[in-house]
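Below is one structure, written out as structure tokens; the observations come after it.
The letters A, B, C, D, E and F name the chains in turn, as written, and every chain counts its residues from 1.
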Amino acid sequence: MSLLAVHDLAVSRGGLRTVEGVSFTLRGGEALILRGPNGIGKTTLLRTVAGLQPPTEGGVEMAEDAVAYAAHADGLKAALTVTENLRFWSAVFGGGPVGPALAAMDLAALADRPAAALSAGQKRRLGLARLMVTGRPLWVLDEPTVSLDADSVARFASVVRAHLAGGGAALMATHIDLGLDEARVLDLTPYRARPGRAVRPAGFNEAFA
Amino acid sequence: MIALLKRDLALAVRAGGGFGLGVAFFLILCALVPFGVGPETSALRPIAPGILWVGALLSCLLSLDRIFALDHEDGSLDLLATAPIPLEGAVAVKALAHWVTTGLPLIAAAPLFGILLHLPGQAVPWLIASLLIGTPALSMLGAFGAAITVGLRRGGLLLSLLVLPLYIPTLIFGTEIVRRGMEQGSTATPLLFLAGITAGVLALVPFAAAAALRVNLR
Amino acid sequence: MIELGKYAGTVLAAYGVSLALLAGLVWQSIVANARARRDLERQEKNG
Amino acid sequence: MSIWEYANPVKFMRTSGAILPWAAGAAAICTTGGLLWGFLTPEDYKQGSTVKIVFLHVPAAMMAINIWVMMLAASLIWLIRRHHVSALAAKAAAPVGAVMTLIALATGAVWGQPMWGTWWEWDPRLTSFLILLLFYIGYMALWSAIDDPDSAADLTGVLCLVGSVFAILSRYAVLFWNQGLHQGASLSVAPGERMSAVYRYPLYLTMLGFFLLFLTLLLIRTRTEIRRRRLAALQAREMRA
Amino acid sequence: MIALLKRDLALAVRAGGGFGLGVAFFLILCALVPFGVGPETSALRPIAPGILWVGALLSCLLSLDRIFALDHEDGSLDLLATAPIPLEGAVAVKALAHWVTTGLPLIAAAPLFGILLHLPGQAVPWLIASLLIGTPALSMLGAFGAAITVGLRRGGLLLSLLVLPLYIPTLIFGTEIVRRGMEQGSTATPLLFLAGITAGVLALVPFAAAAALRVNLR
Amino acid sequence: MSLLAVHDLAVSRGGLRTVEGVSFTLRGGEALILRGPNGIGKTTLLRTVAGLQPPTEGGVEMAEDAVAYAAHADGLKAALTVTENLRFWSAVFGGGPVGPALAAMDLAALADRPAAALSAGQKRRLGLARLMVTGRPLWVLDEPTVSLDADSVARFASVVRAHLAGGGAALMATHIDLGLDEARVLDLTPYRARPGRAVRPAGFNEAFA
């Protein structure tokens, strides 16, 4: 069963297309890593898949409420403790208990510390632990390992592997090696939108694009 | 959604100032007015309802940008938009949290500040009633304004500019209630209008605010 | 010259303010349009 | 060919370019003609020469309201059918509407001094106009504050929608507010029907003139906005390349 | 320093709203008060000086956070602190730019809004004079408050709370001048006091503000 | 002649020491690169040298008005054009003409574009061009090559070389290779502050440190 199907997708940012003609499917147990130079449109693509912005062209097919999104901003409140932050997101997503997630990302020792007192890497780990309590099958991750040290990257890889083994899927954008050799890689460079390519006067508003 | 409400309230309490600052600003405003217009009862009493309402409105205004801006900055808003609760519900809950942390303390403090402005005693129940009915609309309209300006750097002044004209009907009926209460007149009509506005706002504005938020998340 | 009587100041002020506002608006519209046209033409020639 | 074809920017530029000189010429003729004619009308027995102000005041007041309605319609078209031109037309119309409101307010204020003995009275009609001005200001401020043009169009469209509802609500609230306290009857303006023909025909001509003036300015300003959009798109494209 | 002034003014013009928003907010405030206190001349005229001054003060207040916050966010403040101009001078120049972009338009608009509040004509020169003398102190004190709160997230309400009490003397003397001007009384004493306050503030506060900035840059 | 002398410097951030016992000198024509893991205190050290925060211990000696600081935030105004931005900083620092700086960082073609319409890398280049118009001999740079592509990094290296050749000096913190082989490298890891090491009850305020 395919969790996510993307056909001929074009996305735009600031009124200009960034990538176009992207197609792929993702089944349970699969992971796909997006690569490409800075500014090609990885973040934009991931946000489109997560439903935060509409596709310019083409379509994204997936079950409703299937996706958990994690980006640079972790959605943490500095004034709440680690457990409180996690418990909040668990309650919002109607997801699982926070204990295993804390343990998996090695946060148990920090459980009662306010998020303000975490280092950047610890914050990032908490943001990733949030994924586990959402109970969502499709993880959409934008540069998940930023500011993590080597140990934490390995820990993260094993969490993703467990998620895939449980029938989930993951779509990730990254510049560095995640140690997930089983993941497919999609380089976005060939899909860079070329201004001339869009059929110009087809739509009403193409004069601007 | 209850979790969201609880979190917003907890944050307002912890971050400090959620409850207090609005009331303090209200107090300062009410204290400034006698300096501006002179301390005589005859000068203060007729304008007391208006000043109290305008003061409550401005205090409410100044805390509006907190409704969404912090959640936008730290990415919570993105996550809430992908969460299984409708964004309209999240907007309503956040407006409710704003009302609880700003509107309620203002209502509690208003009678006290009424004394500063020589508001007669028989008007106090009407002051409380009008604020109770009117301030939820202020919070909800404020949430709409905050949703529109959430992505903008330093949208504070713009937010005020957009929201204040929307506050006019509430302000007019609110002060009218207090004024009539002060003069022992009939308050039924303005009360009805005020309640009608609040009901309409609470029913419809969350959709507009959620639409604005979605645009800003794009 | 038309006789405006004792309200000459009033009438002239009203006409003056209004025509000034209108003239300003028309002027701004035309200048902005000319500038947009110029910028666009330069861009299209270069790019 | 449907009317929506004109929502295509290219098509709009072509058509508006053809209309523009005619509209501008007609606007110039009607406005100056009507105002001159109006200026030459005899004095009113009661209001004296101040009656000549009506030829500015009433068309401006009328257009101030009509332009907001037009902006509302354009915003709705944008929100529903997503034609950029209509969003840009709404944006282009706002300053014109604001200036019309200002003219109505200014002429009214100048007129009020001899007629009512005060520059400003919190009469319901005047108050509603002040509120309308506030809505225009907020609308324009929002446009200029948002960088992304599509988001700006969406957000200002929503604001225009909500604002319209509240403009109407405010109008009734203001009527209510000023009833119990202040009898406005002595201040209420004379209805147009009672106006004699000497004033009526030049008034009709200036009204037509103001409408044509609005149309001309709307076309010019929309063309400006389209060009700016296209320029921004070209620059962004070049930057990304 | 002239370069800094020119840049700040250019930014206020380009970024849009530097000049306009404050005046628009002032207009809304002046329009809201009659909705609160009623439309009668007899009610409005006595409070007009107070309302105009409080309105000018609040409009000034709401744009204060722009003085340093934007420069702090984009790193300009770090660079200015290492530049060969004294930080005190930079503070004074930025306060001046704030005054030119906010205070001056307010002063220009105040007589117009005075009409809305039925301020009698003979008070208008005094209104302008008092604002001309008083608003520089508002900008300078505001710069001090902005310097103190520059590092804080959403320091807006806190900034208001800190700054408003500092504004009280200016407000009192400012309205007193206009009130006496309205009643054809002697305005010499409050004018003198107001000028004294402004002179003192302009001479001393830049040092306090620069010290606060240095702490916040650490 | 030494442009900068640092003796036994300790710096703190958030009330806690980050590095301590750092000493080095920098003469005209020399460049020093600071290295070390995330969070060790490179940024804090550079800000101290630039005079933005006081040293906790030890001293920084240099001529007055000698230092030009450049960090992640470039101090650019989005509403001003490239030239206007540069001219402003030139006027503030009483520095040189903007033309050569624009040419050196390949910004001449973008001179009239508002800074808002620059890509991240172009912004960064403008931030570095600012250094050249300050006319200051000592450049203190915090991760100067973030978001620059390979060409721009090379261009930056040659600008730094020209600065050194003109008798200037540069102190830089970076995680990646700058292609400046002649620069000395100082790894901060051995200087990491150890809580126990500071002589505790010496001053009144040390009780908190």
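The rule we apply is simple: a residue touches a chain if its C-beta (ideal position, glycine included) is under 8 Å from a C-beta of that chain, and two chains touch if they have at least 3 such contacts.
Per UniProt, the chains are A, F = Heme ABC exporter ATP-binding protein CcmA; B, E = Heme exporter protein B; C = Heme exporter protein D; D = Heme exporter protein C.
Bear in mind that the values here come from a model prediction, so they are computed numbers and not experimental data.
Peer 1: Relative to chain E (Heme exporter protein B), which chain has the most distant C-alpha mean position?
Peer 2: A
Peer 1: Measuring between Cα centroids, what's the chain most distant from chain D (Heme exporter protein C)?
Peer 2: Relative to chain D (Heme exporter protein C), the chain whose C-alpha centre sits farthest away is F.
Peer 1: Interface check for copies chain B (Heme exporter protein B) and chain E (Heme exporter protein B). Shared numbers divided by all numbers used: above half gives same, below half gives different; which is it?
Peer 2: Chain B (Heme exporter protein B) vs chain E (Heme exporter protein B): same; shared/all numbers exceeds half.
Peer 1: What are the two chains with the most C-beta pairs touching?
Peer 2: Maximum number of inter-chain contact pairs occurs for B-E.
Peer 1: When the C-alpha atoms of chain A and chain C (Heme exporter protein D) are each averaged to a single point, how far apart are the two points in Å?
Peer 2: Going by mean C-alpha positions, chain A sits 53 Å from chain C (Heme exporter protein D).
Peer 1: What is the distance in Å between the mean C-alpha positions of chain B (Heme exporter protein B) and chain E (Heme exporter protein B)?
Peer 2: Inter-chain centre distance comes to 25 Å.
Peer 1: Between chain A and chain B (Heme exporter protein B), what is the separation of their C-alpha centroids in Å?
Peer 2: Each chain reduced to its C-alpha mean, chain A and chain B (Heme exporter protein B) end up 37 Å apart.
Peer 1: Based only on mean CA positions, could you tell me how far chain C (Heme exporter protein D) sits from chain D (Heme exporter protein C) in angstrom?
Peer 2: Going by mean C-alpha positions, chain C (Heme exporter protein D) sits 15 Å from chain D (Heme exporter protein C).
Peer 1: Going by the contact rule already set, what residues in chain B (Heme exporter protein B) reach two or more other chains?
Peer 2: 73, 158, 161, 164-165, 168, 172, 218
Peer 1: Mind pulling the residue numbers of chain D (Heme exporter protein C) that touch at least two other chains?
Peer 2: 131, 134, 137-138, 141, 145, 177, 230, 235-237, 240
Peer 1: If I count partner chains per residue in chain A, which residues reach a count of at least 2?
Peer 2: 39
Peer 1: Write out the stretch or stretches of chain D (Heme exporter protein C) touching chain E (Heme exporter protein B) in their complex.
Peer 2: 109, 118-122, 127, 130-131, 134, 137-138, 141, 144-145, 177-178, 181-182
Peer 1: For a test of understanding, state which residues of chain A touch chain D (Heme exporter protein C) in their complex under the given definition.
Peer 2: It comes out as residues 14-16, 18, 39, 195, 201, 204-205, 207-209.
Peer 1: Where on chain D (Heme exporter protein C) is chain A touching in the complex?
Peer 2: 4, 7-10, 82-84, 148-150, 226, 229-230, 232-233, 236-237, 240-241
Peer 1: Quick one: which bits of chain E (Heme exporter protein B) touch chain F in the complex? Just the residue numbers, please.
Peer 2: So the residues of chain E (Heme exporter protein B) touching chain F come out as 2-4, 7, 10-11, 14-15, 71, 73-76, 78-85, 217-218.
Peer 1: In their shared complex, at which residues does chain D (Heme exporter protein C) touch chain B (Heme exporter protein B)?
Peer 2: Contact set of chain D (Heme exporter protein C) toward chain B (Heme exporter protein B): 131, 134-135, 137-138, 141-142, 145-146, 151, 154-155, 158-159, 161-163, 166, 169-170, 172-174, 176-177, 180.
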